[in-house]
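Consider the two complexes below, in which chain A is the common component and chain B and chain C are the respective partners.
For the complex of A and B:
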């Protein structure tokens, strides 16, 4: 997700925000496991991919609009699906979802397959 | 289910769960049986026929689908409607319904070797799906309370007239399968939201896709689910389950919905869909905020919250307004506005207002369509408020929104009925839970026995028990009566109000025996058999689909109403004088003009009664040439008798309606039985630009042939004045009258 907004004039709020950002960041780095690291790298890759497509549209134009939409939405869709997976992998959330990691991964595969099938259909 | 057998684990040696399952299956089968059989009145009374107007188009499209390939169907350009414009039919319809029946047809034929006529599949599709709706309603209500409530609401849904009105056999309309999909989507959504399951979220999205392919009302889901999520977030009930289910649904569902050609890029372009996108964005931020909140101190989080909310709201609003202003996002559609401002349509879009099902609902209709459920509905909502889990919020929002919508438009009664059934099921089952629970009676007796032993307070205890039993019996019998009455009422309403195909009309012979008036099919068949295949038939748009479906002739306008100007042109041709009309008729290559006239038999839905809408719609385009005021008498009355205005008497519609009308009355003043007005013989119209080609038995359908231009270049009026050879035809006055 985007970094917290740090573009406000008041220096006090700015400082608070900066400290908030650093605590969040350090806590985040601390909580990383190899698995979540892998997932997060994938997420970052998706964000970059989506942003690249968006920049392309801004610079060159959106001529095959459905192709752009297909590509962009596949990034967004895969992103949220992966975030879902990450949330469900988180041990603190096990009680919330009442599902095992294996089940979550199965769901993830199923949803991704459907998503990419539709994308494939959409971009012709 | 029996509550008092819970204690034993076995009944007659069979585990209680097996019995419960067996009973449930049995109940489902009988619910489906009841739902289907109560929709068959029309088939039994009349025949297996497609009803009304829109279903005729769906039927025609389905026939096209099964005779051509699927790709032909999607690329179908229909040059037999909206002459001379044509219609890109494949891209402007919701294909779900046709594809469903096409698939059923193919499966039955290819796999089971059952070559069933496609018409019968179309006729029976709605009843078949109503059984599935009952099951979907069961699933939804079970999520709300328990399976007892689910079973009750399933039977309510199966026979509630509000839903039957759109799903009797032969009513082959989009709503027939859309309500099923609506309930199924909601049931899966509630399941997904409860468990935070990606699997169920995906299934919700797939069903949503099916719904999008089937009905324009999918926008309701598009807005209701985000609203549910939004309200939950506002209530501070955000959790990760909400995130997973909503994001899965939105990402896959939106992408999937764009695969329907008619929807296309609307989900990212039109304001109707922006709420869903907005909530999607919001939930990302909320999820992120939730994460940040768990990491930092409360005070820092507050600052963070204020700053981010301010910047996001300003960005979002600015973006929305800016994009709408730039034309990137389409503003809300007229139908949407007319939902909020009931007089909007009347002022701006007469074509929407002219449709009877877009009128506001009269209050008795609520009782008529849902019987005693209408007063259980608030009780159900109240019970939802008492528990108020996440899924109950959904029912409350759904109920509140739909009550409003149903009040605005008669047609939306259809979307209100399911939630009424769900709430009714919850309320009745709660009541039965409380009053059928007789376990405290037994515990009461134990107390009594104890007191007997002690020999004191004997009387008050037993009388209390009696009162307890009495109150239980009273409540239970009254509700048993209500349930019985509900079934009775539903059957009565279905058989009397909703089972008429409106293509054939019920009637009685003079001796009282029932008969049917079959003028429509008579006339359409005449058109089919006696006119060239490429003849263009002009009629008011209501009959466009029927002419296309039954007579197979080219029409100018039909129920699709996508081009207001073209409809106004037809309206203008109908309400102008002969000379003006003739020009329009010739410009549009019209060969035949078809009108509906009920004055002879007393059929109130005829063109003269719809005439004002034709005038209004064409006045919207040509305010200088057509003026509504000219058709009213000085006293502002809509008259067709001797006080009718000159404009009225000169209009083509008036002339065609009453042409040769007086022959029925042996040349004396005729009596119009719909408007209860006398048509003086002095008004007897002369027609010069069209000639009568066909008039059906009971005069309901009259077809006129447009005359060719005169060979000598004369005015057609002069021609007809010159040759007064009046064709004489034996006219018999029909004996039967319409049974209202």
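For the complex of A and C:
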């Protein structure tokens, strides 16, 4: 039949998009090690909590602004640090970094401690 | 000369309590043995008040107002004079009048048939009062007679004159825009001032038209004294004279206090904090029959107001009446009325002024300024986050992140071990 050839370009694009997404997702799941899985779960938690705080500040108002900043920044900061950790733990990136994964995990703990120390002071 | 000074000085010492009043009159026309009824009335009024009263002519050589640079009278009345001559110019000159007006009430009486000595006319002009020249009188062709009938409609300030019912034959004055001038009596709409009763009026023979002209006017000085001008001695009846010499509608601020609402023992502090609750209290008395009595605000127009200013008023508040009180501690005489306001200092630090600026026509002015410093919150005076319910969510979030982070770290170590185990297999 000639009809499938004349199918709408938009449907075609959508189908391609869907297949691209599926491929990406499968690849992502395949590439998951237990460590990266754990990291991603943690990241998802941080994003959810940050979004919740943002909605809260929009609804309730920003009166204790330092408290909002403290809570929000602790999420964002922890997110950034964890993403860094994930980058350094990716086997494909080992050649990019001079440090060993163990060293980067130590850095991560140290940086997180400093972050939370500052956040608690700031939140007052 | 020396003896008169000595006498004046001595009497100043002996009569320090009683007020001293001077009446300057036309010694050429008036014989004190047979004084005209108006002069008698003025003298009687002063005597009934217990004032020490002196009468001097404009040309008298013992006309004395200043001794060693001090004005020695509390009230001076200048009656009309047929002669412009003044013998003692070093006593009666414009500069002296200006100085005297700071501490003494001055009353000037006009007469359409007489001129003023130059000193007095210049002084009145400086005060913003321009009386018509000699020979000019108030005319109203709507009147039956030569005189102009004055009624209640002519009263410019009801506090000063409650009623008037007289046939007026006298001068008028036009005024400058001096905001301290209080018109007491204003001419009617159909009247004008002229020295020519028959020919049409023009610029040459007229002085003021309609309500532009005033028949009695007063300048309320910032120092609390009054400079009053009347166009005819008929107007100088008791009610007006008492007002003009500060015996009526004179106000006095007995005390001014402010304190933090929760620290009444710490009076008149010069330092407050933003958002402090502050109470500002004043006591106001009014002079009635020679005695200080509580001054009661009767309508909205009279309300006393406090401005809390730093360049601009940040707060402008009506003072609420509290009740009668005594201005002297321990005394049982209720001589003052207390007004108070309780307000929150604005959220702005800096140098602020508690300002009471009370200026109502017919009443003496009350002016009071007190500067205080307003500080901002100290570092340890802010609320902690856990005291603010809104912040609880953020605090919990931050705690949650740390707990989650801790579990993440522990799990991460554990998981990596599992990883290693898998590789080994």
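Methods note: the second predicted complex is superposed on the first by the 105 of 124 C-alpha atoms of A that agree within 3 Å, B and C clash if a C-alpha of one lies under 4 Å from a C-alpha of the other, contacts with A are read in each partner's own complex, and residues count from 1 in each chain.
Just so we're on the same page, a residue touches a chain if its C-beta (ideal position, glycine included) is under 8 Å from a C-beta of that chain, and two chains touch if they have at least 3 such contacts.
Computed from a predicted structure; not experimentally measured.
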| item | value |
| --- | --- |
| Which of chain B and chain C A:64 touches, first, second, both or neither | second |
| Partner chain(s) touched by A:16 [first = chain B, second = chain C, both, neither] | first |
| Touched partner set for A:83, first chain B, second chain C, both or neither | first |
| Which superposed partner A:107 touches (first chain B, second chain C, both, neither) | first |
| Which superposed partner A:99 touches (first chain B, second chain C, both, neither) | first |
| Partner chain(s) touched by A:116 [first = chain B, second = chain C, both, neither] | second |
| Touching partner for A:30 - first (chain B), second (chain C), both, neither | neither |
| Per-residue touch tally on chain A - higher for chain B or for chain C | B |
| Interface residues of chain A shared between complexes with chain B and chain C | 66, 70, 74, 119 |
| Of chain A, residues touching chain C in the complex | 33-35, 38-39, 42, 45-46, 49, 52-53, 56, 60-61, 63-64, 66-68, 70-72, 74-75, 78, 82, 105, 109, 112, 116, 119-120, 123-124 |
| Chain A contact footprint on chain B (complex, rising order) | 195-199, 201-202, 205-206, 239-241, 243-244, 247-248, 250-252, 254-256, 258-259, 265, 268, 284-285, 287-288, 291-292, 295-296, 299-301, 303-304, 307-308, 311 |
| Chain A partner contacts - residues on chain C that touch it in the complex | 382, 384-385, 388, 390-391, 393-395, 397-398, 400-402, 404-405, 408-409, 411-412, 415-416, 418-419 |
| Residues of chain A that touch chain B when the two form their complex | 1-2, 4-5, 7-8, 13, 16-17, 19-20, 23-24, 27-28, 65-66, 69-70, 73-74, 76-77, 80-81, 83-85, 87-88, 93, 96-99, 104, 106-108, 110-111, 114-115, 118-119, 121-122 |
